[in-house]
Structures are given as C-alpha cells and as structure tokens.
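Chain lettering (A, B, C and D) follows the sequence in which the chains are written, and residue indices restart at 1 in each chain.
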Amino acid sequence: MDLRGVFPPVVTPFRDDGSLDLEAFGANLDAYSSEDLAGCLVLGSNGEAASLEDDEKLALVRAARSRTTGRTLLVGTGLESTRATIALTKRVADVGADAALVLTPHYYKPQMNVDALRGHFEAVAEASPIPVLLYSVPQFTGIPFPAPLAALVAGHPRIVGMKESSGDVGLLGRIVGSAPPSFRVLCGSAGVFYPALCLGASGGVLAVACCSPRPVAALYRAFERGDHAQARRLQEVLAPLAAAVTSAHGVAGLKAAMDAVGRRGGSVRLPLRPAPASLAREIRPLLEQAESAV
Amino acid sequence: MDLRGVFPPVVTPFRDDGSLDLEAFGANLDAYSSEDLAGCLVLGSNGEAASLEDDEKLALVRAARSRTTGRTLLVGTGLESTRATIALTKRVADVGADAALVLTPHYYKPQMNVDALRGHFEAVAEASPIPVLLYSVPQFTGIPFPAPLAALVAGHPRIVGMKESSGDVGLLGRIVGSAPPSFRVLCGSAGVFYPALCLGASGGVLAVACCSPRPVAALYRAFERGDHAQARRLQEVLAPLAAAVTSAHGVAGLKAAMDAVGRRGGSVRLPLRPAPASLAREIRPLLEQAESAV
Amino acid sequence: MDLRGVFPPVVTPFRDDGSLDLEAFGANLDAYSSEDLAGCLVLGSNGEAASLEDDEKLALVRAARSRTTGRTLLVGTGLESTRATIALTKRVADVGADAALVLTPHYYKPQMNVDALRGHFEAVAEASPIPVLLYSVPQFTGIPFPAPLAALVAGHPRIVGMKESSGDVGLLGRIVGSAPPSFRVLCGSAGVFYPALCLGASGGVLAVACCSPRPVAALYRAFERGDHAQARRLQEVLAPLAAAVTSAHGVAGLKAAMDAVGRRGGSVRLPLRPAPASLAREIRPLLEQAESAV
Amino acid sequence: MDLRGVFPPVVTPFRDDGSLDLEAFGANLDAYSSEDLAGCLVLGSNGEAASLEDDEKLALVRAARSRTTGRTLLVGTGLESTRATIALTKRVADVGADAALVLTPHYYKPQMNVDALRGHFEAVAEASPIPVLLYSVPQFTGIPFPAPLAALVAGHPRIVGMKESSGDVGLLGRIVGSAPPSFRVLCGSAGVFYPALCLGASGGVLAVACCSPRPVAALYRAFERGDHAQARRLQEVLAPLAAAVTSAHGVAGLKAAMDAVGRRGGSVRLPLRPAPASLAREIRPLLEQAESAV
C-alpha cells in the first residue's frame, strides 16, 4: 500500500429524493481511474459518512473496490464509540478496504484528551484486520489534535499514518518531525498542500481533487521532481478554487463544482442544503484557471 | 404532557465488558419513581446515546416506559441526518416515548446556519408522531444556538419547547422572551438552574438529578412557591456539586457519583474512560452538603 | 463607600474633530445626578479609556468628582503594566476617585494565569491609596476570569469587589459563593442583571443606564423589595434594548442612543466609527418600551 | 529599505527593579550587528511595548538607530487609538525609525471589522512620514486578520507590507497571492518560517532570532539559494526551540534563552513573571542542536 500522492475524498451522490445513487458514484470513480491519482478515500467527511446507513456504506465500499484496481482504497470508519468503530472497520475490510481512516471521536469533547484518544486508536488498530490512519479535522470535530499523540501511537504496527486536515502547517511539521518516517502524514487542506509537502507530508486527501484532479496531481508531481516554482504557482491557483468550492458551501459546493465539470455530484442529504445556483457560474473561471495552470 | 419540573437525564449503565446492563438501568428508574420528578430523559448526552446501537436504544426506551407511568418520558433522537433522525423518532414513538429531544446536527458546522437548522427541526416535527423539543448543547456540538431560531420554529404545532444546556442564562432569557408561552424552555445546566427559573425556564434536565434528585427538586419547589432565599441557598450547594460531578469527568463522573449514593452508574463505553477512584471520596462531602440543605 | 445599586459607565463625548468635550461630559453627569443611581464609573470600556491620554483622564475624573457629590465615583485605571496601573491609580486618587476599577491585563494572554493576575491585582492594591475592584470583560480582553481568583485576592484589605462583565451568570454565582460577603460583585452585563442580582450581585455597572437610567434603577429597586415579577418584566424589556444599543455597534451605539434621549453622546474616536444613522430610529421604540415599563 | 531577510524583534531588558536597562539593550544590538540579519524590530510584542512609557520608547529607538547602521530599523507604534498611533509614529520617525509596524487595534474587538481596520491603517499611513507595515498577532490581540484587508490597503503608497504572526500559512499565502509583489509579507512565527518562505514571504521577524540568529539566518539563505533540503532540516530543529522558548513562557522564556547564550535578556516587567530557573537547562540542548545544524 502506497500512501504517497493524491487521493480524492469522493462524494456520495444522492438522487433528489435523498436515495443513494450508486451509478453516479461508479461513474465518478471510473473517471478518476484515468487520472494521476494514488487511490481514493470513501466515506470521508466529503462523502457525507455522517448521513449514511451501514448498508449504504458497505455498498459504496464494494462499488469503490471494484473500480480501484491497483490503487489504494482508504475508507472512513470512525464513529463515536470504539466498539462501533471496530465493527465497521472489520466490515469494510471484508469488502476490500485497504486501510481505515479513523476520525477522532469528539462528542464528549472535554474528555477527549491524549489518553482517551490514544486508547481509542490503539484499540481500533489492535482489532483491525487492515492498517489504520488517524483522521483529524477540527473544523468539524471541534477538537484540536494533540501534537504528541502521533508519536505515541505510531509504534503500533497497524497505525501507519494520519490525515491532518486542520490547515495548521506548523502542527503538521511537528507531527512529521516527531513520528518515525514510516508514519505517513497526508495533508487534508488544499490551501496548504504545497507547504505541507515541503514539511514532509507524503501526499494529500483533497476535496478539490474531486472536481479538478489534474492541477492537484500536477502540484504533487512538480514538488516530487523539485520544481518548487511550478508547485507554488499551482498552489496559488488552487487556493482560491478550494476556498470557493468548499469553504463557503461545504459538500454542496463541491458537488456543484463536480456537476460543473461533468462529474456527477448529485444532491446532498438534509440537513445540508444545495449550493446556490450562482455558485457554478462563480467557480467556473477558477476551475478553468486551475486547469490551464497545469 | 407536562414540561414543568425536574427531569434526570438518565445514564445507560454498562457492564465491565461494555455490554448493556438493562437491569441496573431499570433499578435506577425504579428509585427515581419515588422522587419528586416530572419524568426523565432517556438517550441524552449523559445516556451515552452517541455510543448506542439502534436495538439498544429501543430496549432502553421500552424499559423506561414501563417504569415511568404517569410521568413524562423524553427521548433523545437527534442524529446527523434528517432522515435518520425521523426514522429513529418514529421508532421510539412506537415504543412509548412521550416526546423527542432533537439535538442540533453539528458535524458540518460551517453549514449549520439558521436556515439549515430550521429545515432540520421542521422536517423532523412534520414527520414525527410525537411532540418535539430542540436540544442545544454547545459544549458537545461546538455550535451555538442562534437565539432567533426558537421563535421561528415555535409556530410548528409539534415543536413544544427546547432544552438549553449552554449555561448562558442571557440566551435562555432571550429565547423565553421571544417565543410564545406555550414553548417550554428546560434548563440543562445545573449551575444556573435557579436563575434560569427566574427568567422563565419551566424546569430542568439536569445530570446532578441522577445522583441527587432531592435537592434539585427542592430548588424547583422553592422557586415555585416564591421562596427565593431557599432556592438560592440550594443553588449555592448544587453549583459546586454539579461542577465536581460532571465538569471534570463527564458521564464517568456522574456514574461514579451515582455509585457513591447507591444508584447504579456502571461502566462507561470507550473512548470514555472511568473516573479516578479518588472522585467518589472527593464528591461525598458535596453530596452530603446538598442533601442536608433540603 | 456603597457598592450597591446602579452605576452608569459614563461615556466620554468627543467633538467631531476628536477633541474632548468636557462640557457635554459634565452635562450628562448633571442629568444623572437626579436619577436613582449609586454613582458612576469614569474611564471604563464605554468611556473609551483605551483611547484617552493621561491628562484627559485626569480632567474627566476632576469633572466627574465635582458632579458626583455624596455618591460613589469609580474610576478605571487598568493598564497593561503593573507599574503604569499603580501610577495612574495614585493620580486619580489624588483628584477624587473613590475606588479604582482595575482591568485584567491581557496582551500577553498565554501568560495571564492565576498567579500573574493575582500578583498584578495585589501589587496594585498594595500601592493604591483607595479601594480596588477587579474588572473582567472577556469580550474585550480575550481572557476568561479564573473563578478561584476572586477568593484568593479578596483577603487583601483594599480589594473590595469586582465588576463581572462576561454575562456568565454561573461564573458570577461561583464568585459570590466563594468570596466573603464583604467582596461585592457588580454585574456588567445588562442582559443578565436580574438573574445576577438573584445570585448575589450587589448592583450593576450597565451601559444601558447611560441612556435609560430609570428602568435599570427600577429593576434594582424591584429586586431589592422582593418584587421578582416586576424585576423579570423590566429585565425582559431591557435585554433587547441592551442588545440593540451596545452589542451591534458598541460605544458608538450607546452614544447614538444617548443622543436620541437628550443626553450628549458625541462622537467616538477612531478606529471606532459612528453608528449608522438608522440606529436611532431602530432603538427609539425599545427605549420607549423600557421607559414605559417602569 | 529592504524588507527581505531576518529581523530579530529585540527585547527590552529591565533591571530587577523594573527600570530600563539601556546599556544591556545596546549590547544586544552590538552583538546582532555581526550577524547575517536584515535589521531589527524595536517596540514589538517581544519588546514589551505594552509596558513601556513614551520616553522609554524614544530612548530605545534612539539607541537602536545608532547601532543599526545600514540596516533596516522597524519600530512598533500601534496603539488603540488612531490619533495616538499617529503621534507616536511621527515621534519615532523623528528619531530615526525606517518604518512603523502598526498593530491591529483590538480592544473593541466586535467593532474591528475590515472597514474599521482599513480606516485605521490608511489614516496612520496618510499621516506618517515613514513607510508603514501592518502587524497581525491574533494570539495577543484576539482578532483574526481579514485576508482581503491586505490587498485593500496595499494601494496606499506608504503601506509597504505586513508582519503576519498567526502561524496560519494558508492565510499568509492568500495575502501574498492577493497583494501586489511590492507588498512584503514578513513571517512572525518561527515554527512555519520555511513554508512561509515557500509561499512568498520575503523574510521573518522571529523571536528565536534574538537568541539564535545564526540558524534562522542560515534557513533564510538556504531557501534563497534553493537548498530546500537544508531549509527543511533547519526548520525541524528551530520548531521545537521556538516552541520551548516562547510558547510556554513568552517574553520571559525568550529572555532566559538570551541569558543562556550570553545575550542580555534581563528581567520582565510585571504582570509578566520570570521564567522558571529550570528553563535554561531545558532549552540548552535545543539551542545547541540548532547551532550545530547550521
């Protein structure tokens, strides 16, 4: 399993009545298969995992597995309770997940200290049949990632890395610096992908790769070959695109951007609401600018 | 259904292996039945709802219903997606819930504006067979309650009130002042129960009532009969108790306090961890002080 | 010196060119002298103390002293450094201040722990010729007040109380409960004046008293004679007025409200900007509603 | 005036009695004059500007000017009021400051929106005889920097750049990307100096350069000549040093680190308190590691 490169956190398309649109989901993955991507993440935050039932989750993993040959299939399995996370991790492993991305539990915020988080991640890793990555996304969970935690859990043979989505590049650098080189840190914030690579991130799981995989992959390759000028140039066009697509309207914005470029974003599930119709018009020039910078 | 008075948000006792202890759950409810309480809340934050499976939730509601004759049974049904919340609300209504307490969805924080929250609550109320209360607890959800929302949704015939657990008494006062009198506001923060009553709260859903129902009920009755001096005195002894029981150790602290007074708190589920053994010793004088102030 | 009752935190009127308008300042104080007020606070947050020079501050205290006969003159003297705070406290004492209100230092936020704050307040009290009150206003300073601090410093013979402006009534209650009765707690948030009195506040320093002293004083008197129904009624009309006057536009809003009722608010100093012209029209009905509720 | 390279934000040494130690101040500057530095910043946050009197400030600028020949002398002049900031800016210009670093006003936080901040900075720049840089340091001011503000004010001929100390590299990148190339952005957070340079920062104003100028300057030079591997290596040793020196103990920690390497940190002014005696011992290996990485 290779954790270097770019992974789109694929969306879960819904029909207008809120039902799962597996056909659209498959079509998106087929389209990604010809791009320069390392794999994909299913059931992440942009996949609306929090609004999916268990059977839907398994159907999505199966569909993704059959279309991700030879690439890495990451699957989000983090739930509030340790036991439920373990159960889901086992089930997605059974249907082909290569690794589980485990969100920090976060409902009981005041109790989620280093000890509680360490206990959770190690218990999940101990029971998991597949490698485990930590997943920190404070803008959704409301809890910051304690920098020393990565090094504490990196000793477990099945904890192989993390997705760091706070956008705090200094924190990402401290994590890379404190953990062994085998612990891979994936950047989850497109606005800082290039500086995160500079500090040792092995790749990125970036929403903007769902609608614009080419410039994201080109940034990664430019960095890989030491072309910092091109990497910075691509970063500068991706930053406003990422901000416009996801910062203002979240998953609905990302789905609208996908629709605008011929992918199939589909509807969101309530309580999320559709992005305003004007969004597609606003982001089109940013999308084109990003493509033409490659 | 009467929403005045004190409701303990009952805990869900687990055995040491993490399995549900329905017998201990029932024993607690039996004990509460002889106290001056208006009913109880099942599947709230202190009930570790976030760590329970659907079948466990229904078993708990059934068990609570059979032991809450003639009193109000509130049941927490809020989940991230509107459709899942509706489904669970219907199922708990089928097994006897009097009203559903619907948590603000909160994972996609930046999108949870007034419109999204209003859409969620009204859709749930529209589909629900039973009355609905809103539930705001920012220390867990990470999102503040927009003060104007209460008045906006109070017009729906099945939205009958809310549980306000932020501890922000000014906000509670603005909600009471803006909504019609039929919209009941329950205080969810024991440290401000008395001032909340002064500003028009109709009662409280207070964790400390799980271990010390008597002083909490006495505070409510003192207020009801206009004995402000006694209400304030009880508030002063309850405030440090509430802080010691739940602020430092959360649900685990509450369960330890229940064990200390002969109720059956039981274990917590991971990632929550047990309270330190010293806690029971520390809170005993506070428990005794509260009881002797009645 | 009596710290019970209502104190307006008087504004500092400026002319359009930014110069101090001492004549308008005096006119306001003359108007307050016929109201049921316990005194006033000069050089508080609403007095734009942060934008005043030392000689202006002394001129304001002198002018206030000559118009506050037989009432308590509180003067804000808190600066970032302990030595500068001591120097200013001595100077305002020389020109007639009855007590100094000392803001929590706050620039070096991470260092302002209980020890540093305690050291500051005790050093100021030790050197001060007049009694000292603590002043906590987290919405401006960005630092919360550590609840145990009040009891720690209350033992100093010249530390006689505090102004608590966070609006967190639970915190105010814990402070009152932990400190000796001689330590007076003044509520600094009009939205929670009545519940703060219920929990033992001895009075209030409330911006809304600068434009509407009568209903604020009436609330205090209603509480004093045990008329909770009238106190709550007045609280309900004061809450939206206070929110409209200061929450949206700060000192500029308060000055506009004063102008609207015949007091002399005057201009603000840059970087503050004038309130929109529409504000006076918006708040007039709220002002009238508050007056007519007395 | 050249805003590229490394600027130490020099400390203000005090004697044990709190008086200004100009001799120690001068000795530090003399030591810096033989290092590869672009100049220095006087009266910044690490210079305890918030605790200095006006005459002390001018004495420090004069002393710095006489020891900063041929290099750029930046001077912090930001105060809460626009008029006071203008007055101080003129006075430091008179005694030799090359440019003024103007802190965001922040006491009236809710009012400090883009319009108010823009008005402040443009008014100061309009009146200033010397170039002006903005200064954002949210960990002290409590207000975030609105990303679009930089481009809005960059059009003023005397606003030449900013110091961005939030540590948010994505924000720094958006500022660089939105403002004209003549607008220089200096990084104020040593933990992200290298990634900030990657995104277009022209240099850094970094506390750690007060005690370890050599590795900081070496990082800048490595980046300048395109040696990313060496820049990253130096970043990795500077990050824990910067965290140990300033994060835990602030200015007092920095002064202790200076004392440990033969510079003259001196005492802090109250309410700041001295760093624990153990700090020097803890940071010595980090200091040595940083030096040996050059």
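By our rule, a contact is a pair of C-beta atoms (placed from the backbone, for glycine too) under 8 Å apart; a residue touches a chain by one contact, two chains touch by 3 or more.
Since we're looking at a predicted model, the values are computed, not measured.
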item	value
Neighbouring chains shared between subunit A and subunit D, ordered by label	none
Superposition of subunit A upon subunit C: rotation angle, C-alpha, nearest 5 degrees	180
Centroid-based (C-alpha) most distant chain relative to subunit A	C
Distance from subunit D to subunit B - Cα centre to Cα centre, in angstrom	49
Centroid spacing, where centroids are CA-atom means, of subunit A and subunit B in whole angstrom	35
Residue list for subunit A, restricted to those that touch at least two other chains	none
Graph class of chain-chain contacts, one of line, ring, star, complete, other	ring
Pairwise chain contacts, counting only pairs that touch as defined	A-B, A-D, B-C, C-D
Footprint of subunit D on subunit A - complex, ascending	167-170, 173-174, 177, 189, 191-192, 194-196, 198-200, 226, 228, 232, 235-236, 239-240, 243
Of subunit C, residues touching subunit D in the complex	18, 45, 50-53, 80-84, 105, 107-112, 115-117, 119-120, 123, 139-142, 247, 249-252, 269-273
